[in-house]
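Each structure below is given as structure tokens.
Shared between the two complexes below is chain A, which pairs with chain B and chain C, respectively.
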Partner chain A sequence: MPQFCKACGRCIEACPKGCITMGTEIEPATGFTPVILNLDECTACGLCFSACPEPYGLQPTINEFETELFDPATHFGPRTTSAPTPVEIPDQQVPLPELEPLVLKGNHASAIGALLAGCRHFFGYPITPSTEGAELMAKLLPQLDGVFVQAVSEVATINMMYGCGGAGQRSMSFTSSPGFSLMVEGLSYMIGAEVPGVVVNVMRGGPGLGNIAPEQSDIKMLCRGLGHGNTHAPVLAPSTPQEMLDLTMLAFDLTMKYRNPVVIAADGFLGQMTGRVQLPKTLVEPGIPAWAVWGDEMHRGNLISSIYLNEQDLEAHNIHINEKYERMIDSEQRADLFFCDDAEWLVVACNTPARMAKGAVEEMRKAGVKAGLFRPITLWPFPIDLLVGLLPNAKGILVVEAGTGPLEDELRIALSYADVHSPPPITNIRRFGGILPQQQEIVDSLSSLVEVKS
Partner chain B sequence: MSKPKKSPKKSPKKAEKKATPSRTEIRITGFGGQGVVLSGHILGHACAIEAGQHSTMIQSFGPEARGSACSATLVVSDSEVLYPYIHRPDIFVVMSSEGYDKFRDELKDDGVLIYESDLVKPTLKEGQKAFGIPSTRIAESLGRAIVQNIVMVGFVTGITDLVPREAMREAVKHSVPAGTEELNLAAFDKGLEHADQLLRNPQVEVPQPDLEEVTA
Partner chain C sequence: MSVATEQTASEFQEHPSAPLLRMERIPHVWCPSCGIGTVVKCYATALERSGVDLDKVSVVSGIGCSGRVAGYMKLDAFHATHGRAIPFATGLKLGRPELLVTVISGDGDLVGIGGNHFIHAARRNIDMLVILINNFIYGMTGGQNAPTTPISAKSSTMPFGNFEEPFNLPHLAASSGAPYVARWTCLHIRRLTWAIEEAIQRKGFRFIEVVAPCPTLYARLNKLGTGLSEMRFYHDNAEIQHGCDTRDLDIGFHEKIVCGKFVDEERPTFLERKDEHYAKILGDKYIPMGPEGGMIHE
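Showing the complex of A and B:
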């Protein structure tokens, strides 16, 4: 270095520790008096490097530094805090007076469900056909001492939910397919950091901007591609305005229970459909979980993070997350079985197409055909345990979708993992682009199946 | 029972319970902003809550809900409504001619057309019935053109007898903004009154549209 130093003295001024002094000996190569470094006090702040104008002047000598990241505990001992151990403040169930039913559209029903489940924080960005949910939240939350933020984008939205969930609070957002795409990065962070939150995805036609008509376009993304890494979240599929409310309340239960985001997969039709909705018997007054980063002394020791730089730590974390997924698969499978007990012809459908399928099954039953509707309520975990019991009777499965086949994929994956290697023949009706399968189509399809078999 | 009842004497609730499941499809259309969706909501509320039937409503939710030919579709049934789309409405309520042009061909061959007679000039197929009301003018005579849709709701109630009148009155009361109940109920009654007059004396009040204008 001395042969490149022109003794300008800029580094002497820059060093906060006074490690550098002007030299007195003349360097023969240059005729300057290079600076003298005394590194006893050096903290490797690097300010002298930036101050030095010479390209080959002061530079970090990398080999001499310890660049391995290390756990501070190895140097400083275990983290100590005077904070008391956090105590969980449990949720309260408050009875609601018996109310007469309301006439609500799906998005509104879901928003009310969220409020009754104790959600007081909403972050969102408007997108048709989900906007009415956010609109109602904007109206009601300020009156309930809550927070409504219209974020700059869905990316901001989901990261606000990450923060809010980290504080142990119930937060939610309404969005639709293109907006949900933007959220998946944040969802992966939330899953990694084990932060709760509920996103209602009122699915619309895709790909790209698509249109605003109902399509079950995101089932694949919701079940298989919820962000990078080892990510899953319970996916609930309502099919009536009443279920929009009930499943939103359930979603908040699950998200707090598992410390994992939960997604509600509605379709555009359901978000907009107005129907009768009965309010529940109790509402939830939220408490504060012990793990929350709540900002007071008691919770000072808590940390919310999804970063595990050490390979062993990250593997252990993923094992823990996988155990959680296993628990969800064991205990959260839900489905609605309609005339399934003795069904020879099983129709599998969810969301709005399940309504048409139900009508078709009723029609087939009247015609003497043993048809049944298997309606998954949880798309992930797929309710395979309930389905497997029905298979011995089944002569055929008809999957009815307003989409290009992701529900059938879920069904087939689930069958494969359940070691059902020769299921009854699976056929499908798929409409997309915002067109819903018609009841008559389903009836015709079932009739032709029955005919071929007999 | 796919056709709405004409007789105002019978109680539709009791009469229909015995019969096979009924399904009545209704389309309401007009300009976005005319109160199309609220009208649908009130009809649905009356059926689902006050009259103990089932109903679902779907409305326009795209840009048309903010000004162009907006529409609300309603399915009323005495059993659960599974299929929420409508194909051939039994009752077609029209408040603008653009809406009429957009949806006119859907109306069932024996369906009922109810229209704003100052704004819509309908042509009918044989077997279809039409009832017009100058609802905007009536609303203006009450002081607020904005209650035009409630006048129309009253008129629809009187003409179709889809749900008992009291049920519909309750639904109106529940659905309008607080403080405007009196005005809206007055508008509702005006609509009903007009329907009664028209049913008593159809020839005099509003001439039936000319059947010769039927388009094939």
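Showing the complex of A and C:
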């Protein structure tokens, strides 16, 4: 009993015989001073038991009073029901009939990707240039056995996703930079509680309200600042409407596999542009993960929580999370390599700027310059393993971004962790405020690099 | 207008609201026949008529079409974060208690994402005048559902019609503690101007809802015609009932709109309560903050 007494004193008040007094010795397990029982006068009236608010505090013994701690089973027998170990109900792949490619807006392609990946729960808050995704979901989900809710803010959105994901369901949202800022608190909780969910951030110009034109400056927040604590999430960077669909499907795969949110970093241009999109060969019919708080007998033992008050427990939890991050770093690095095999001049770019960079590389190749485009598809984990092999040939790296340098930061951090301490010279083209780097700028920059070298 | 065309540019008379507008930023972004401009005009007129020192007036907006109001006023103007105009204004008022702090913003901004701030500022009775432009929709982002969208009205995120219960804003404000609560439409320009003028003279959390047409989105999505037909609708369907029980002020889709002044009482403001409380508890030790906002090194 002493370990469970919180010294509230209620039993002292309750006892008509004055058997109970406040203790003076501190109980090491709790830091409280448990009450002392002197049962000479005790009439076994039981008033102190009723008074005690502690579930394992004062309670009657069968034969005589004692102050030993009891296993509740001694009094109440073994628990009458025990939750069985939950088993995973796996997803199913259902074949899709072959269709002609569709012509879709990037945001619409992503929404369709989510539906094909088995997402039937959409929570979101309007923000340009992402809203078309939500609007399509509002139209389609009521006809697809799903639910669309316009939350009252991105804070509400991410917490709806936290709840829905906690039940093992696939949920998603579309947002843009200022809205994503509001989601990071919730994302930290989701990462801590290991809850899946997919957020598509159609990045726009910042800081503050900025404007609604495309920018990539959020890469810093997405890769290094997903809320407080030890947080990371896979960050996927599409550069075509087709990839908006494919990477959204991949995002659902990853989010369920790792029980960790996944972010799609698109940009305002990509969200709005239309392109041909081929639907996949199969769609996903989701199962129920074993860990889900699903609300039936089998899942009753599950708990979704990010609190670990005990330091050892929290350290162990972080070690477990870090192991997941390590696994992501080992197995999820992705990049698209365009003319990279023999490239002496590597352009590093993602999202829409990668489209201009691709044009520039083609132009340089025509002029006989060995240029190549290294396009990270995962920004976190940065696909450094794919890059390192290209470095011996490279005479220079040009990072092209519509942002103030966060992609270059990711590249430099990755190089440093890969122990590449003297990479080829890194230069950059940075435009921001909604202005995209143009093909000609990239060609000019590459040409002057080549000239200087030769 | 016909008079103006006969004048040369230098003969143009200055518009009566011009001293209060940042003319260099005009033309504004609002669509033809949008109701927001009317609110700006009424606010400007009310300010001038009230005789307040214009150097001591500030206007704060959140984000949205309505949120652009602050940017056009030649006053101490602030463009805050989406939904946060009220906490921003709270900070401003506490930083500079002598200012008349006005919040002019949209329905989505003030009672959607900002709903929590709205009720708490009313509860605390923070000294500010809140003019909420209710166009029943999220205008700026292209016509999504708002917490004010009437049942069955269409929006881009309720393409099959809205089924969520909307807020009754005067009731929300009154039950949260606002001591001054009124509702007008963009048709009632005189009464709206008088209401703003009157509210300027009151203290505490003063709330005026202005029902405004959004011809581009709300009216178009709901086939309600032009901005002009919206005005005709207000003309035929607005009912003035001063002192009406705020519980009876729901607005149905294309149904009557009850207007008037519903609450006008006195309640100590946040700062008055603070002064009274600490004076009682701390006695001589209490140092009240001056109207200029605490210690300033001149």
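The definition used in the following text is that the second predicted complex is superposed on the first by the 373 of 454 C-alpha atoms of A that agree within 3 Å, B and C clash if a C-alpha of one lies under 4 Å from a C-alpha of the other, contacts with A are read in each partner's own complex, and residues count from 1 in each chain.
Heads up, the rule we're going with is that contacts are C-beta pairs under 8 Å (C-beta built on N, C-alpha and C of every residue); 3 or more make two chains touch, one makes a residue touch a chain.
From a predicted model like this one, the values you see are computed outputs, not experimental measurements.
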{"item": "Fit or clash - chain C, chain B, common chain A", "value": "fit"}
{"item": "A:Gln439 touches, of chain B and chain C: first, second, both or neither?", "value": "first"}
{"item": "First (chain B), second (chain C), both or neither touched by A:Pro2", "value": "neither"}
{"item": "Touching partner for A:Pro142 - first (chain B), second (chain C), both, neither", "value": "second"}
{"item": "Contacts of A:Pro423 with chain B and chain C, given as first, second, both or neither", "value": "neither"}
{"item": "Partner chain in contact with A:Gly359 - chain B first, chain C second, else both or neither", "value": "first"}
{"item": "First, second, both or neither for A:Thr128, with chain B first and chain C second", "value": "both"}
{"item": "Partner touching more residues of chain A, whether chain B or chain C", "value": "B"}
{"item": "Minimal inter-chain CA distance - chain C and chain B, angstrom", "value": "6"}
{"item": "Intersection of chain A interface sets (partners chain B, chain C)", "value": "128"}
{"item": "Contact set on chain C toward chain A in their complex", "value": "63, 79, 81-83, 112-113, 115, 138, 140-142, 144-145, 147, 156-160"}
{"item": "Contacting residues of chain B [partner chain A, same complex]", "value": "40-41, 44-45, 48-49, 54-59, 61-62, 81-85"}
{"item": "Chain C partner contacts - residues on chain A that touch it in the complex", "value": "125-128, 131, 134-135, 138-139, 142, 148, 150, 152-153, 178, 208-209"}
{"item": "Chain B-facing residues of chain A, complex", "value": "100-103, 105, 128-129, 212, 241, 268-269, 272-276, 352, 355-356, 358-359, 362, 436, 438-439"}
